[in-house]
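Presented below is the structure to which this report refers.
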Amino acid sequence: MKLPRLHTLQEIAGIVQCSYAGADDFPITGINEIHQVEQGDIVFVDHPKYYDKALQCAASVIIINKQVDCPEGKALIFSEDPFSTYNQLTKHFSPWALPLENRGHNVIVGKNCIIHPTVVMGNNVTIGDNCIIHPGVVFYNDITLGNDVIVHANCVIGSEAFYYKNRPEGREKMHTVGTVIIEEHVEIGAACTIDRGVSGPTFIGARTKIDNHVHVGHDTVIGKKCLFAAQVGIAGCVKIEDEVILWGQVGVPSDIHIGKGAVVLGQSGITKDLEGGKTYFGSPAEEARSKFRELALIRKLPKAIETLGL
Amino acid sequence: MKLPRLHTLQEIAGIVQCSYAGADDFPITGINEIHQVEQGDIVFVDHPKYYDKALQCAASVIIINKQVDCPEGKALIFSEDPFSTYNQLTKHFSPWALPLENRGHNVIVGKNCIIHPTVVMGNNVTIGDNCIIHPGVVFYNDITLGNDVIVHANCVIGSEAFYYKNRPEGREKMHTVGTVIIEEHVEIGAACTIDRGVSGPTFIGARTKIDNHVHVGHDTVIGKKCLFAAQVGIAGCVKIEDEVILWGQVGVPSDIHIGKGAVVLGQSGITKDLEGGKTYFGSPAEEARSKFRELALIRKLPKAIETLGL
Amino acid sequence: MKLPRLHTLQEIAGIVQCSYAGADDFPITGINEIHQVEQGDIVFVDHPKYYDKALQCAASVIIINKQVDCPEGKALIFSEDPFSTYNQLTKHFSPWALPLENRGHNVIVGKNCIIHPTVVMGNNVTIGDNCIIHPGVVFYNDITLGNDVIVHANCVIGSEAFYYKNRPEGREKMHTVGTVIIEEHVEIGAACTIDRGVSGPTFIGARTKIDNHVHVGHDTVIGKKCLFAAQVGIAGCVKIEDEVILWGQVGVPSDIHIGKGAVVLGQSGITKDLEGGKTYFGSPAEEARSKFRELALIRKLPKAIETLGL
C-alpha cells in the first residue's frame, strides 16, 4: 500500500514507538510485504533465515528484530516483534472498516453497467464501463474492475488473506490492506472467491475466463486469456502467465510459477513450477505424456510381481 | 430454445443479413446447439470436421461457413462466422436481461412454499408446491422447479454456460438461452451452482439429493434418485442415469455418460464413460476392485525393485 | 436435542402412537442420534446389525423395530419404522421454521460486533462480543458464536445435515434439529458451509482458522488451533483433534478420527483414522514419507518392466 502522503522515518517510528537507524527525515512512501516491495516502502523481517533477503530487497526501510548495520541508502526500525509492528502500521493507515451500507465511500461505477441492487460494495470500489454484476456479489474494499467485466452471482471479491503468524497462544492474523485488480473482458463464474493482496494487488489479466467455485488467494497474479474450469483452487502468491488453462478441480499451492500456455488436466495437484507450453497431469503433477506412460506401466504390475514370484 | 412463433427462412436470414438455400417460407421453430436439436431447429457448424454431423443431425436449418449442397428437406444459411450468426439470433430472440428487482417478470410460485425475502428470481421462474428456498439463493432466468424441492442458502441456479469460442483476440462468449429444470423432491445443498443449458435444459431428475458446494455444468442431464456428496464437480453436457452415487469431490468432465446405479468413490476423476451397476475409484477412475488390487501391488514395489537390483 | 421439559415415557409414546416397555412415568429429557446420546435421551435403531449397540449405548430409551427384552434401567418404544418415529418426535419438538425476516426470534448479539445488514439470522442465534459478520452470511437456526469470531462473506452456517434413509420410493430426509457451536477467535473464510448436527452440535474449537470454500458436515467436531486451507471438504461425524492442519482440497469422509497435530498435504483423500503428530499425503492418504518413497519407486518402473522383458 502507498501512504496517503510522504512520511518521514521519525514520524513512522513515532507511530509504532520504536527506535531506528537512519536520518530523521528519511522519506517513506509505502508499506509492503516482501513479495511486493519497491523503493520508498517499509518491509518487515523477523527470522534470521530471511534477514539478508530483507536487507537487500527493494524496500527502503526494514523493520527488524536484530541490531544490524544499516545498509547504504536505507533505514532500519528496531522492534522485538516486527510482525506486530508492521500490522500496527497497516492498521494505522488502513483501519479495517466494513461499511454497513450496500455502497461504501468512493464507489465509482462506469457507463452502461448492470449492477443488481443486492450487490454489496465496500469502500474504494471502481467498476469500468459495460460491466455486469449479478445478484449477491460482495466486493470488499479497494477493488478495481476494468471495462466489460462480468461477475456472476454470489461471488466474493476482495476477502482477506489467509495469512497468519504462528504464536504460542494461536495464530495471529495479518491485517489485509491490499487490493484486487481485474482487467477488461474478464468473466468470473458464480460463487467464486478472489482474495485481496496482503499489501499489494491480487491481479487478473484481461480476457481471462473463470468458471464457478474457483478460489484465488492473496497476491496471486494471473495473466491474460487464461481459462480456469470449475472448482480450481489457487493459493496465495502464485504467478500464472498468459494463456494458461487449468481444468476442473486443479490445485495450485502458494509461490508456484506457471509458464505461458501451460495446460493442466483435471484434478492435478501442482507441487513445483511448471514450464510453459506443455501439458501436465497428476497429483503431484508431471508432464502428461510421462504420467500417462507411468499409468500404463502400472497396469503391467500384476504380471511383473507374478514374474518375480513376490 | 423455441421461437415465440413460427418464423420463415426468409425472416431469419433477414435478421442476420445472410444468403440462404431453401424455400423463402421454409418453417423454423427453434434454435439449438447440436446436442439438443430437433426438427424445426436452427443449428450452426463452423469446422469441416463437423460438417457432415451437422448436415445430418435432426435440425432443419444449418448455419454453415461453406457453400455445400442443401440436404433433402432442409435449408442452409451461409455465414462466414456461423458462431457469431448463431449468437446474433439467440440474442435477438432472448436478449439478456437481468431484472433489477428481486422478482422478475413471469414468476409463478406454487402453494405452501417458503421463500425467503432475500431470494432473487429472474424472469420466467416457476416454483412448484411445497418448495423451500433458503436465504440468498439466486435464480437467473428460465428456471422450473417441481413440487417439494428444497434449495439451501446461497445457491446459484441458472448461471451462464462456461462456453467460449477461441478467437485470436481472446475467447468469445456463447450467449446462454437455455433453462434449468429440477424435478420434484430434489434437495440442493448450500452454495451449489447449477448452470443453465446453452439452448436446451440442464436437468435434475426427481428425488436426487445434492450436498453443499456441488457444481453442475450447462446442458447436463441427471437422472432420478442420484446422490452427490459435497464438492462434486460435474462439467457441461454430461449424462448421468438414475441412482448414481458420486461421493465427495468427484470430478466429471464434459460429454461423459455414467450408467444407472454406478457408484464413484471420493475424489475420483472420471475420464471415460462408466457402465452402470459398478463401483469406481481413482483419478483416472477405474473399477474399484482392480484399482484397489493395483494399490496393493504398488505396496510390493520396494521388494520388487530390490529383487531386481535397481 | 434436549426436550423443553422432562417428559414421561407415556407422554412420548402417546405423541408417536406406539406401544412401549417401561414404567409410564419413566423420565425422558432428550432425543439424540447414537453418536451423541447421553442418559435420559431417546435413540432409534432399525437394523439388526446395530440392535446390540443401541440397546447398550448411553441412551435411556430405544425406539426399535423388534420385540426384545428391555435392558435394566432402560425403556423401549416399539415401532415398525423407527426412523420415521424418531423424525416424528424431532419434528414435534423442533418444527422446522425458517423465519421470513432477516432476524429470527431469540437472536442475541454481543458488544462491539460489526454485522452487515445483509446478514440473515434464523432463530436462537447467539453471537459473542467483538464478532465481525460480513455481507451475505446466512445463519440457520440454533447457532452459537464465541467472542472475536470472524465470518467472511456469503458463508452458510447451520445448513441441514446431508443424511437420508434409503427407501424403495427414494431417500427420506432426516430432520435436522442440532446446532453449530463456534468458539472464540475462530475465522471462517468466504463461501464456507458448516452444517448443523442432526441432533447434537457441530463444533469448531477456539482459534481454528478456515480458508474459503471449506465444507464441514453435520456433527463433526473440530479441535482448537486447527488450520484448514481452501476447498477442504470434511464430511459428517468426523472428529479432528487440536492443531491439525489440512492443506487445500483435502477430503475427509465421515466417521474418521484425526489425531492431534496431524498434517495432511494438499488434495489428499483420507480413508482411515490418522494418528496425530505425523504428516500424510495421497489419495488414499498414507504417511507422507512412505508415499514419497513409493512415488520415487514408481519412477523406476520403466526400468523394472524393461528388465523383466514385459
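We just call them A, B and C in the order they show up, numbering each chain from 1.
Just so we're on the same page, contacts are C-beta pairs under 8 Å (C-beta built on N, C-alpha and C of every residue); 3 or more make two chains touch, one makes a residue touch a chain.
Since we're looking at a predicted model, the values are computed, not measured.
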Touch-based graph of the chains, sorted into line, ring, star, complete or other: complete
Copies chain C and chain B - interface residue numbers shared by over half, same or different: different
Mean-CA-position distance for chain C and chain B (Å): 32
Multi-partner residues of chain B (at least 2 other chains): 118, 136, 154, 191, 213, 231, 249, 267, 283, 298, 301, 304, 308
Residues of chain B that touch chain C when the two form their complex: 114, 116-118, 132, 134-136, 152-154, 185, 187, 189-191, 206-207, 209, 211-213, 224-225, 227, 229-231, 247-249, 266-267, 283, 295, 298-299, 301-302, 304-305, 308, 310
Chain A-facing residues of chain B, complex: 98, 100-102, 118, 120, 136, 138, 140, 154, 156, 159-160, 162, 164, 169-171, 173, 191, 193, 195, 213, 215, 217, 231, 233, 235, 249, 251, 253, 267, 269, 283-284, 293-294, 297-298, 300-301, 303-304, 307-308
